[in-house]
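Take a look at these structures.
Presented sequentially are two complexes of chain A, the first with chain B as partner and the second with chain C.
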Partner chain A sequence: MPFRSIRWYGVPCPCLLLVAALSLCPVPAVAQDTIPAGVRVGLTYDPSTRPGVFVTAVAGEHGDSVRAILARDLDFGDRLTVISAEAGPPPSGRFNYELYLKLGASAIVQASVTRQGSLHVAVHDVAAKRVLNVADFAFNGSAPLSAAWRMAVHRASDEVERWITSTRGIAASRIAFVRDQRLWFVDSDGANLTPVGVGGIALSPAWHPTGRYIAYASMADDGTHINVRDLGTGQTRRIPSLGGTNITPAFSPDGSTLLFSAGDDGTDLYAVAPFGGEAPRRVTFGRGTPTSSPTFSPDGRKIAYISGRLGHPEVYITDADGTNAELLTESPSGDRPYRASPDWSPDGRSVAFTSQEGPNLQVMVISMRDRKIRQLTGDARNEDPSWAPDGRHVVFTSTRSGAKQLWVLDTESGRTRQLTRGAGVARMAAWSPRMEQP
Partner chain B sequence: MAAGACFATRNDVRVLQGDIARLQLAAAQAASADTARALQLRRIIASLGAISDSLRVAGTNLQRFQGDVSMSIRTVQEQLLTVQELTGQSRKQVESLRAQLEARAAEQVQVVPPPAPTGDSGAAPPTAAPGAPPPGPYRLMDLGRQQLARGATSAARAAFSDLLTQYPASDLVPEAQYWIAEAYSSAGNAVEADSVFALVAEKYPTSSRAPIAIYKRALALKVAGQTRQARVLFQQVIDKYPKSDEATLAAAMLRDLK
Partner chain C sequence: MHARIRSLALAALAVSAMTTTACKKKPVVAPAPTPVVAPPFNQDSANAAEAARRAAAETAAKAAADRAAAEAAARLAAAVAAAKAEFAMPVYFDYDMSNIRDDQRATLEAKLPIFAANPDMRIRVAGHTDNRGSDEYNLALGQRRAAEVKRYLVTRGIAEDRIDVVSFGEERPAVAQDNEDAWGKNRRGEFEIIAGANPFKLPR
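Take a look at the complex of A and B:
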């Protein structure tokens, strides 16, 4: 859904007039002082609604870009409706909250780029007619409009979303994926598309919980290997190969364990310390059948993975120590569906996976509480889901626009948006954790 | 001597001719024998070639047979694994169905239809029958597992404990005891978890949960730094349950601990 647009009838230049009114009609913001004791008037977020939010014009260098990024991030978060109206000049003085209320705004985001090189952001609670929260977000000397500068604005967006909805946004995150056998990164809003020179054919990227490292499988003349790359230094460490195929790495939530699939005659999962230490320890027992694509539960106590023990690939779960393996995705008797690419949601409530549905692959999600399966996609071929840090959005590969590209789905509203464009097949996406302050 | 030679008798000549004839015959016989031997040798060589070919074919056939047998064994193993999985799956489905049946039976007994309307069009709410039966063992197991999945460890333990006390003869008793230990472990109560895992291994040694329980105890000891005791328990898993998955895990752990 695009930004909520305001329609005005019979009034010339409505937005500009309105914005002028919003900016120039000072109303004393002291109304909250008159609220009787015991009565709460203010911003209360109802998850089933999308409160309106108005992002005012941003004062300072590249203010227009800041406003555009803030508004887009809040829109992509799918928890707020960004009211699209001309921003007019940056507001000064007190806000005319009544007029914003008429616009449908529950909150106002007021930002400015300071001379000290930071982004000053205030969020106003329109109903309570007061400032809800204020904070400064440092650009840390990054060049305007650079990747680091944009990430600083994304962090501000995420905080704004948290102030209003109590849930932090996901704008300050990146997606790693494979295009034309190379590793690429793209910001959550589709900007800053960057190739990563890792050499050889890259497969199956997986993020370390700190966002500083990325593990991936590589194919070269000497076989397949698991590698861990330090995104800060650019250095890559190769995990000692177990022979045969070495693929599909995944970090544990505390970052101390790296799981991967390895083997010659069938594959099994092995656990290893990603930065050196003990020898790889076997975790699963496929007995000659393929086992791959591990994903940890957020508490690190369980692992979901793919196994062919039933004669066709299904999603299994096991304790992280290798005991209590059980089939997660039951199929009706006689069905032999293809299931792959499980990814455990950050809230632990569900596992997303790819499933063959008729002639196509679709993205499904299974509830860990009652094991009920829900189909998330239906158009074209959709596969390889990866959860965003909010446990609500999923990035996946889809052919709905023709070639395989990455798309983002809001699992609650069903809203989708295309993340990558251009030539080449984009696949094997992995959504990063939130990128904290550098 | 020359004169003597010149004067050799006809008899002498005849003798000489005879000798020559004998020699010729011997030579012919020898040549004939060589030919026969050569022939024999050629036959032998041909036979050997044929035997070699046969052996080669037999060898190839044997290799193919071995390959087929190996493939068959592999296929049988895979099928066996699939059958085991399906069996386990069927067992779980049966347990789930039984849990559902128990739940429905309880609902039917619990919910008594309201009496027929007597002129009043308002429907009366369902009423609970006094003395409704408690949930069956499968339902309790199901409830306990669901609570555990939600992180409600106390409620899970209560359901498993109910199963133990109300259905002490149920097949699910070892399972319930095991999940009580898991519930303690999930709640971070390592001491209680260890003691209940020990109980599972001791009281139900033939249960499929026994090797897992010992392995869990060993892991907890390893994490706590009690390596010697951990080694003992890992070895116990290997000795008592050599064919279990946990024995393989324990062997790997013992290698790491050396």
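Take a look at the complex of A and C:
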């Protein structure tokens, strides 16, 4: 309904101008969808500016949904400013780049759903007045608007973000979490909320680096055990238990090792082959202190974890074989410290964790370069951060809207958004790796 | 006047006595003019009477015994229930601590005679936490609490293999509220008999 856009005495808003301009130039866009070989593409991207991007109307079946998902993904990526002007009809001719420049767009995303069942996407560099990149993203026969179909659109969004900013987006990822002591999944944009049918109380989900398996702890009357679930087949394998308490699993970055916490006196970290074949190998020797929540550095060489050896929980790091343990989070004087829930960032540069700050827990991040600690949250109780694959966003548990829900924070800009809503308590979030083409 | 009332009352009594006698439809037994021949002694009916008397006595005795037994059983059941409740009494912990508090030792000491009376008994100690700290660290802390309870009992002579330990962290609160009182009640070690105490024997 373009007439709604007319504001004053027939002076049209920019989007109407745009629509008019686009419809005047009926030259096929396909001719531009090539990049000369050997030419490096990519806009000059400055992380502090968030270049503007305009997502045009999308031709083909469910084009409106595709456009909405693309625009939202690029917005949630926090690296681009999505220009919210009406789309008008899908563009069909030569682009009037000056017009987009006036809208503040550095890039144009032009997409269409093809008859062959894929998503064709072209990104235009507005300043250079040419097509920056083109690709097709297969829906692989998935039903329109289904979870797999949405994931295909998310993959397109992530590539678009990479073309424009040279950093791939994180839309094609999911978050595993615990709600009312059951496992759930939700897509990175909050859609496709799905319970996972595992019996008993489920805790502490952890992703395999392929995204194909998930490890979690399950609690019954006789204790807590570690399980590895194949998300494709639904088959679940229980890791042989060491005593009654087996908690907080974590996969190594190469996927060959599963680390978890177990023990009869205190708890210690044990390494085991996630798919069988090896006896558990003890990694830490806490001498009867509580130890939990391991997280690997992305090169797999180091582990961060919680230990209560000082009489209160602090984050320690150690070599992956358990040697050279050292306190990571230095205790300040004053209040009794309480540091927990470490998660090593995928770029290796920092560890996010939870710290008692005054009356509440807060999400913090420590730089591995200079050990400087930065507080990321301050409103209500915030805890248990998990890094997105971009090493920039974290998902965490917060009480800022009442009961515990999951929120996503951009650690660069401080922008937050609520990921889960509704009844029940959501917690123990684990952000998946990028979901590659199935 | 008093004398008149008394004589009237006497007269009334006499009338009522006569009336009562007259009303009884009993055959009037006349004074026997001839010597009475004693009826022959019937041994069978005497035996029967004696047996009936004895049976009644026995039934009464049995009822009394049953009653006593039932009372004793009820007393025993109450004592067993009390002892089990005593045994199930949780021990409580301070925030983020796993050491046994001085004021909780008596609770643990009270369980020792029950271990002694039931030598085959095996138990599970479950460590719990409040919901203030990290959910995951609380699982580890609950394990420490259960382990501390076990350590205490072992040092008091209970065999190690009679005690399993498990942690439920903050996942099974005793009081699902967010205040100091609830937190204090949730930071606990719980005791569950899992084998070897059926029948449950009371300590002497």
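Note that in this section the second predicted complex is superposed on the first by the 398 of 438 C-alpha atoms of A that agree within 3 Å, B and C clash if a C-alpha of one lies under 4 Å from a C-alpha of the other, contacts with A are read in each partner's own complex, and residues count from 1 in each chain.
Just so we're on the same page, a contact is a pair of C-beta atoms (placed from the backbone, for glycine too) under 8 Å apart; a residue touches a chain by one contact, two chains touch by 3 or more.
As the structure is a prediction and not an experimental result, all values here were calculated from the model.
Student: A:323 in the overlay: touching chain B, chain C, both, or neither? Say first, second, both or neither.
Tutor: The first partner, chain B, only.
Student: Output check: A:428 vs chain B and chain C. Expected answer is one of first, second, both, neither. What do you get?
Tutor: second
Student: Would you sort A:289 into first (chain B), second (chain C), both or neither based on which partner it touches?
Tutor: After superposing on A, A:289 lies in contact with both chain B and chain C.
Student: Of the partners chain B and chain C, which touch A:306 in the superposed model: first, second, both, neither?
Tutor: A:306 contacts chain C only, not chain B.
Student: Can A:275 be said to touch chain B (first), chain C (second), both, or neither?
Tutor: It touches nothing on chain B or chain C.
Student: Compare chain B and chain C by how many residues of chain A each one touches, and report the one with more.
Tutor: Higher number of touched chain A residues: C.
Student: For A:203, using the defined touch cut-off, is the partner it touches chain B, chain C, both, or neither? Pick first, second, both or neither.
Tutor: In the superposition, A:203 contacts chain C only.
Student: After overlaying the two complexes on chain A, where does the chain B footprint on chain A coincide with the chain C footprint?
Tutor: Residues 288-289 of chain A touch both chain B and chain C.
Student: Across the complex, what residues on chain B touch chain A?
Tutor: The touching residues are 74, 77-78, 81-82, 85-86, 88-89, 92-93, 146, 149-150, 186, 212, 215-216, 219, 245-246, 248-249, 252-253, 255-256.
Student: Spell out the part of chain C that touches chain A in their complex, as residue ranges.
Tutor: For this pair, the touching residues of chain C are 96, 98, 124, 133-137, 139-144, 147, 151, 164-168, 171.
Student: Using the touch definition up top, name the residues of chain A that touch chain C in the complex.
Tutor: Within the complex, chain A contacts chain C at residues 181, 201, 203-204, 217, 219, 222-224, 243-245, 247-248, 261, 263-267, 288-293, 306, 308, 312-313, 336, 338, 340-341, 354, 356, 361, 383-384, 427-428.
Student: In the complex, go through chain A and note every residue touching chain B.
Tutor: The touching residues are 278-279, 281-282, 285, 287-289, 301, 309-311, 321-327, 330, 368-370.
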